[in-house]
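See the structures that follow.
The following pair of complexes shares a single chain, chain A, combined with chain B in the former and chain C in the latter.
Presenting the complex of A and B:
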């Protein structure tokens, strides 16, 4: 196991102008793994990436690469390559020269340069684009050139800083698949930074959820989704109803005025907990058959399902179902034991998971601000 | 709308280019007038190629412009990069404001402060002659810097900071990353900054004027110094050549740019910036080569030479003599004449640094401020008096001069130098009345004709207070140097009465106006009248009976002189009959040198205007005391506003 680790960050702290950005961060990354740093704007994910790339020297802590401390190694001597947020392609060079840039610096023979560039262009599906100007390429094509340029250097680790952020949705989906394929073909480590939870879940072997310079949870996408460690993770990854509950005993939890069976144990008797119920795990039943009852306050059509907000004892739940229930209708909810996830109380308790102030518009606004203001 | 915009465009270009076309047109004029076209001729082009002083000035200007632009570009770019990367916002904006200030400063402030600094440092480090090429270069770099920074900085801000990181990420050292990414993307701005610097440096006059010394004269300084006589038409030829060279360069650049754009897809694209850099460099090289080719090695042409007998030793060969003279005030080899300085150099082996000034006052400023030492200056009589008074000139042992006896006695022992201890007369001139015989009836003999209502709107007069008031004072019978306020007031009253008759207050323009017959009457110097008469034979000249002003420009040796023996040799050389003759022919003013006056080859020998048989009543202008000078200035303003 130990031999398998390519990068090890030990007690990394970084601050700008006295403002702490990373707080005593510890993380190891396995070779050939696809790992994603996920978190909102300003959480320190890009900073972590830049520490690995060598553009930021940590105030304290060690950056270990291949069992060697590389804190003092400048960026150009590190065996990692980066794909930048806005690609950072060299506008004065054509596609070929952009990709050949690193090889030319290494004074690679002409033959090798041409072979590598051709192979890279093939890899990113840009055959025949050699002589094109960078400015004449679309965003997606530029993205591919950026990938080819980084990979041409045969890095041990590829760092990707929100590489798909500037692409439209459809293209983003395609590129996600392509990136995953490339990673598997090349057999190298990808460290991926994003604020898009869906992207993180669909591509990664391991997801690192970060907030305020602190790692919240590390795990596989499924584990992170199904067993979030705290309210922040539960809310950030997918939609969650997070309700205050009391763990009566193992497998028994009280919330919303009802005792539910669950699959969780190991809490103190009567311990206060956060209960997570995913909106898609709730079954809507007739009022009299429901474990809890409530009134529909709003409905939004989302394509694959309806997003229904239900008021249950003053707490607004979100429920995703394919059935339509009009506003004002009284409905009952049925929740299976395996749909319930119990979390220990944390600093984030009570901050998330209530949809009473839910507004789609607001959600989009905050998304946009994330896109533009990512830790510059 | 369309027609209106077309008319607008035509007018715009007309206003922009009309002056240049006029200049080009008159550069082919056979005569020296800019008012009358006397036939097609390439004479001035020929002349400019033989005008070694101008060619040296041009070469100096080009060398200075290229060097200062190049150095300012390097320093300015580095500074811009530094400013761009400053983390502290307040420090950054403060630095930028400080950088901008020199640009806002009036040139004259920059010029004077730089001169003071250089002189101070010169004194501090005990350097004689601190002002010269190096101070000019430093000054030009300094005033060019803000322009480079101002061009480069915005472009830097537009440049993606991640580009350099990307390059480092791919294996570049930080410096290499800058060279490979940021530099190409800001190179258009760098080139623009460089071109701006080059142009600014090329035509700077004010700052250069203050910080240069005797051994380095630029073209703008030289042209400006020509105002004692009118600007020589070979300047038109020179301007035309410069204009055409730039035009051709621009066309070449545009054509090749268009071609490059067409071929863009098929050619391996080089960076646009690089292309521009290459072109500009090519252009600069072409200009320099052209300059060197056309203007060759100035001063090596074979004009006539003279044989002088053995009073000139080569004892001081290799030393330098700094001569500071009026513009166009020596025979310089043009038009097949004798190149006086070159002859002197050949004879003695002494290197002559020849610089020019446009007025007694600007020469005085240079002497007074120090920082540069001159060995020879040629001030007018009132300035000689002032220089003696202030100890700025030293005594000359006239007894040791071999040719001093040539100087006519009537010009010796004048009020400003009663014992001939400081000055040797060089040229003499008197103001008279020039009139157009086709417009004026009879033969005027009095200044009063300038008040004659018959010539309303057809009279020109001096655009300079001393000379303009002088005319009124002769008429009133006053002393031109009076300290009596009432006398000055009376003169003002007289001039106010004259105002309806006056077409314009002029200096140099008098040539064009009189040559073209645009005015009937003008007071000016006899020597200049001869020049005008060549173009317009209808002109006539008279010395009015009330008297007139006389000037004597004399050779002096400043007290800062470091090569007295060479200076003495030079003064002797100027009085040498052949040399003095060449100068007299060229300057066209009267010579105080009897060997010239009686020389059989002298084309103006016995000229009735330069050497009138009848004694002319004359008055010298003396230095006015400060109170009178102020009064005169006030009255002059009052007259202008009247």
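Presenting the complex of A and C:
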């Protein structure tokens, strides 16, 4: 197991102008895995990549590559290559020369260069683009050149900084599949950065959720979704109702004025906890059959389902169901034990998971204001 | 729609076109007219034939122009490169310092150099302390003329190169490092090619005034050096031979145009743009 680890970040701290950006980060990355850093803008994802690539030397902590400390190895001597957030192609070189750049620096023989470039262009579906000018390419094509350029160097680890951020939805989905295929074909480690949770969940072997320079949770996509560690993770990954509760004893939790059975244990008796219920895990039943009851306050049609906001004792729940319930209707909710996930209280308790002021625009606005605060 | 727009832009361009006609096209015709006529106003090629005598002067001017351009480039390029990596604040301060002498009149700047370089000048006095003083001072030498050109025109080399360097996308430079380039590789394969437009305009902006200068060579060369600018000036000012002066100017202009065309060949191939001229 231990040998399997290609990169190990130990107690990494980075600050800019006295402002801490990464705070005591610990993370190991297994060889050949697809690992994704996920977090809101400004949380330190790019900074972490730059530490791995060698562009930033951490204030403290060790960067271990293949069991060797590489803190002071410059970027050009590291066996990692980066796909930058804004492709960073060389505008004065054509597609061929962009891809051949690393090989020329290594003084590879002419034939090897030609073979590799041709193979890479084939890999990223750009056959026949050798002579094209970089400026004449579309965003998606530039992206592919950037991928080919990095892979031509045969890195052990590829760092991808929001590589699909600038592409439209359809192209993004296609590229997600292609990237995943490329990763499996080449058998190398991908460290992927995104703030799109769906992308993270669908592509990765391991997801690292970050906020404010601190890792919130590391785990497989399923584990992160089903067993978020705190209110931040629960809210950032998918939709969540996060309600204050009290753990009465193992498998028994009180919230919303009702005692529920659950599958969690190991809490102190009467410990205050955060309870997560995913909107799609709630069953709507008649008022008199519900474990809890409430009144519908808004309904939005989302295509696959209706998003219904229900007021239950002053706390607004989000429920996703294929049935339509009109505003003002009284309904009952039924929640199975496996739909309930209990989290310990954290600094994020009470900040997320209430849909009382819910609207998507508002969500984005508040995100942006948090960002601005950090940048200053 | 399109037509209307082009009419509007023509209208807006009118003052500029008028200005160009009065101050560029008309004088050009006057120069050409004088170059191909004699004192009586008859057509002649004599002025052009007479230029044979000035070939050494042309060559000397070209040589000094090239030399000072080269020296300016050697100083300015590393300077601009290093400056562009400084913090934004120090960059601003340094640029101010570079621009400062440009706000002073050329005559004053050149006179100051005379005071420094002459036999009893500051330089000789300082050197005297070490017993290294030069008997005749440093004025009236080719070196003094080139020094004057470099000093006066160096900012014109630094500015365009620095402007391009400071606009270089740092992630492109990082990409070159990431792909295995050490400092020198990055400079040679990425930074330099991308800064070429700045280099070309810098070279043009230094070479053109250096080749055609007359004041610097008169004051710092002490009249012992006749550059093409001096020759032209004397035809108009003392010899009163407008026709020869005009033909000299015409040939100088053609020479400059040719060198600019050659320079622009370098940047035509890629349209990264950004040249200042």
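Note that the second predicted complex is superposed on the first by the 363 of 376 C-alpha atoms of A that agree within 3 Å, B and C clash if a C-alpha of one lies under 4 Å from a C-alpha of the other, contacts with A are read in each partner's own complex, and residues count from 1 in each chain.
Here is the rule we go by: a contact is a pair of C-beta atoms (placed from the backbone, for glycine too) under 8 Å apart; a residue touches a chain by one contact, two chains touch by 3 or more.
Everything numeric in this text was worked out from a predicted model, so none of it was measured.
> Based on the superposed arrangement around chain A, label chain B with chain C as either clash or fit.
They clash: once the shared chain is superposed, the two partners overlap in space.
> Given the touch rule stated above, what does A:248 touch, chain B (first), chain C (second), both, or neither?
neither
> Could you say whether A:305 touches chain B, chain C, both of them, or neither, answering first, second, both or neither?
neither
> Touching A:131 in the superposition: chain B (first), chain C (second), both, neither?
A:131 sits against chain B, while chain C stays out of touch.
> Using the touch definition from the top, say if A:173 reaches chain B (first), chain C (second), both or neither.
In the superposed model, A:173 contacts neither chain B nor chain C.
> Let me test your reading of the model: by the given contact rule, A:102 touches which partner, first (chain B), second (chain C), both or neither?
both
> Applying the touch criterion given at the start, work out whether A:345 contacts chain B, chain C, both or neither, answering first, second, both or neither.
Neither: A:345 stays clear of chain B and chain C.
> Of the listed segments of chain B (311-319, 329-337 or 347-355), which one clashes with chain C in the superposed model?
347-355
> Does any part of chain A touch chain B in one structure and chain C in the other, and if so which residues?
Chain A residues touching both partners: 53, 55, 74-76, 80-82, 84-86, 88-92, 101-102, 105-106, 149-150, 153.
> Okay, in this complex, where on chain A does chain C touch?
53, 55, 74-77, 80-82, 84-86, 88-92, 101-102, 104-106, 135, 149-150, 153
> Please name which positions on chain A make contact with chain B in the complex.
Listed in rising order, the residues are 53, 55, 74-76, 80-82, 84-86, 88-94, 101-102, 105-106, 131, 133, 149-150, 153.
> Inside the complex, what are the residues of chain B that reach chain A?
160, 162-163, 165-174, 176-177, 180-181, 184-185, 264-265, 268-269, 271-274
> Hey, which residues of chain C end up touching chain A in the complex?
169, 171-172, 174-182, 185, 189-190, 193-194, 270-272
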